[in-house]
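Labels run A, B, C and D following the written order; every chain starts at residue 1.
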Amino acid sequence: MSLVLNKEELTDYLAEIFPQIRDDFAVDDLTADTITMRLLTDERHLRPGGTVSGPSMFALADVSVYAMVLARVGKKALAVTTNCSMDFMRKPESGRDLIAQCRLLKLGRVLAVGDVLMASEGSDKPVARASLTYSIPPR
Amino acid sequence: MSLVLNKEELTDYLAEIFPQIRDDFAVDDLTADTITMRLLTDERHLRPGGTVSGPSMFALADVSVYAMVLARVGKKALAVTTNCSMDFMRKPESGRDLIAQCRLLKLGRVLAVGDVLMASEGSDKPVARASLTYSIPPR
Amino acid sequence: MSLVLNKEELTDYLAEIFPQIRDDFAVDDLTADTITMRLLTDERHLRPGGTVSGPSMFALADVSVYAMVLARVGKKALAVTTNCSMDFMRKPESGRDLIAQCRLLKLGRVLAVGDVLMASEGSDKPVARASLTYSIPPR
Amino acid sequence: MSLVLNKEELTDYLAEIFPQIRDDFAVDDLTADTITMRLLTDERHLRPGGTVSGPSMFALADVSVYAMVLARVGKKALAVTTNCSMDFMRKPESGRDLIAQCRLLKLGRVLAVGDVLMASEGSDKPVARASLTYSIPPR
């Protein structure tokens, strides 16, 4: 199995289909079954107290698995999230980007599953863990 | 078991501690172990295609259980989400508020668990299901 | 939407395809989108301490949603569990059957989703909550 | 952070507190924050069709995180599972042991979180993924 889109093609395609999030997320690294995504942490991602909010962490997990699937199936598919489970384990450090390490665990005919471990940049203590299932529509 | 905050007190307290979301969510109904919350759907909650985004649904589920816990334990607690699982089952209808029906299933000494079923206003077809655990810090 | 199998037909069919669990589970009630299943609690379902074990609760949740799907799609399908999330909230009472109330939340072309709330017989305090997704193979 | 029980002590302690599962599971490897556990697959773990059943996979995930927590906190604790989410991704291969790779992601004062990836022995394709939370009672 190999990538259909490389890191640059994936970045451009995400900016094209989701122009509103191009300032939120960046692809740091991409292999055939892993992707590293970064939340470019800004005021709008924070909750009271100054740490990254739950919805922003959910969005980071969701976009990581989505981007990984796109990189493998190409521009034609319109996958939709069907399930997400997340554990929130530590407070993110304030003023730091959040880095998501995502593994593609399954890419089937109708379902794709990935998991995500996220930590504040420069730390190896996991802030949150997520697993997501995407449904891949028939072509 | 009974409520410590009524609907008006809860609404005021949420506006006080989360001023940035007072235009996003409203408490429709509150009983000793259920709460109905509404996402006041607006442009900023939508994803491409015009339906409510995943992160906005996550936020609605999260705030519903948080508000329910607050209504029972009062203003003193600072609960944090430790786990969330969600199933996304149907597309929300565009241009409609999203209504979350939340049940408090457990309110223990250290953990609270609630589940949420959400549907577009005027529809009885569930759009998403969520369950969340909150950790309640020692007093 | 209506049932393809009634309670008796479903009970017989489950006994036919899963003879090894006919002494473990019983269908108490069945409607078009709910099923009540009972774990006929016995020595082999218990863990040290005398309460129902986690794997037995998982099995009860799993068979409840499976039976509900079968009752709706009939004998032809061979659905497989793709996801399960469970919250364990209270100890079951020892020496009591465990009763699962299951709702079918979605029955789509490829995925079915149900949730389950279980309590010891005679109690209304939830012991556990589960939600499961089944993948329905193409015919 | 380091281990309180080594592999042999952990194996002995598991056999002592759970004598009924000593023929089901074995500790293959143990480090300060990972454990590898094996389901000694036998007739009683199978479902119709000859592959490992869902409840047996749940039990393997559950015991893996439990054993990992025990190895770190020692014999005194009596942790209980509060949450589990699992994705079932492929059929296990019949006639093979199932190997669970577990990582301890958090060991807090009241909650521990671990995740588990399982595959049939000799294969690197994940059969299932699980994450579990344990509540650690106050001493």
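Simple rule for what comes next: a residue touches a chain if its C-beta (ideal position, glycine included) is under 8 Å from a C-beta of that chain, and two chains touch if they have at least 3 such contacts.
It should be emphasised that the depicted structure is a prediction, and the values quoted were computed from it without experimental measurement.
Asks: Among the chains, which is located farthest from chain C on the basis of C-alpha centroids?
Replies: The chain lying farthest from chain C is A.
Asks: Comparing C-D against A-C, which pair counts more contacting C-beta pairs?
Replies: By number of C-beta pairs in contact, C-D is the larger.
Asks: Roughly how far is chain A from chain C, going centre to centre by Cα mean, in whole Å?
Replies: 33
Asks: Can you give the whole-Å distance between the Cα centres of chain B and chain C?
Replies: Computed from C-alpha means, the inter-chain centre distance equals 27 Å.
Asks: For chain C and chain D, what's the span in angstrom between their mean Cα positions?
Replies: Whole-Å distance between the two chain centres: 24.
Asks: At which residue positions does chain A touch at least two other chains?
Replies: 82-83, 85, 87, 89, 133
Asks: Using the touch definition from the top, list the residues of chain C that touch chain D in their complex.
Replies: My answer: residues 17-18, 20, 48, 54-56, 58-59, 62, 80-89.
Asks: Please output the residues of chain B touching chain D within their complex, sorted ascending.
Replies: Against chain D, chain B makes touches at 82-83, 85, 110-111, 133, 135.
Asks: Across the complex, what residues on chain D touch chain A?
Replies: 83, 85, 87, 89-90, 105-106, 108, 113, 115, 117, 126, 129, 131, 133
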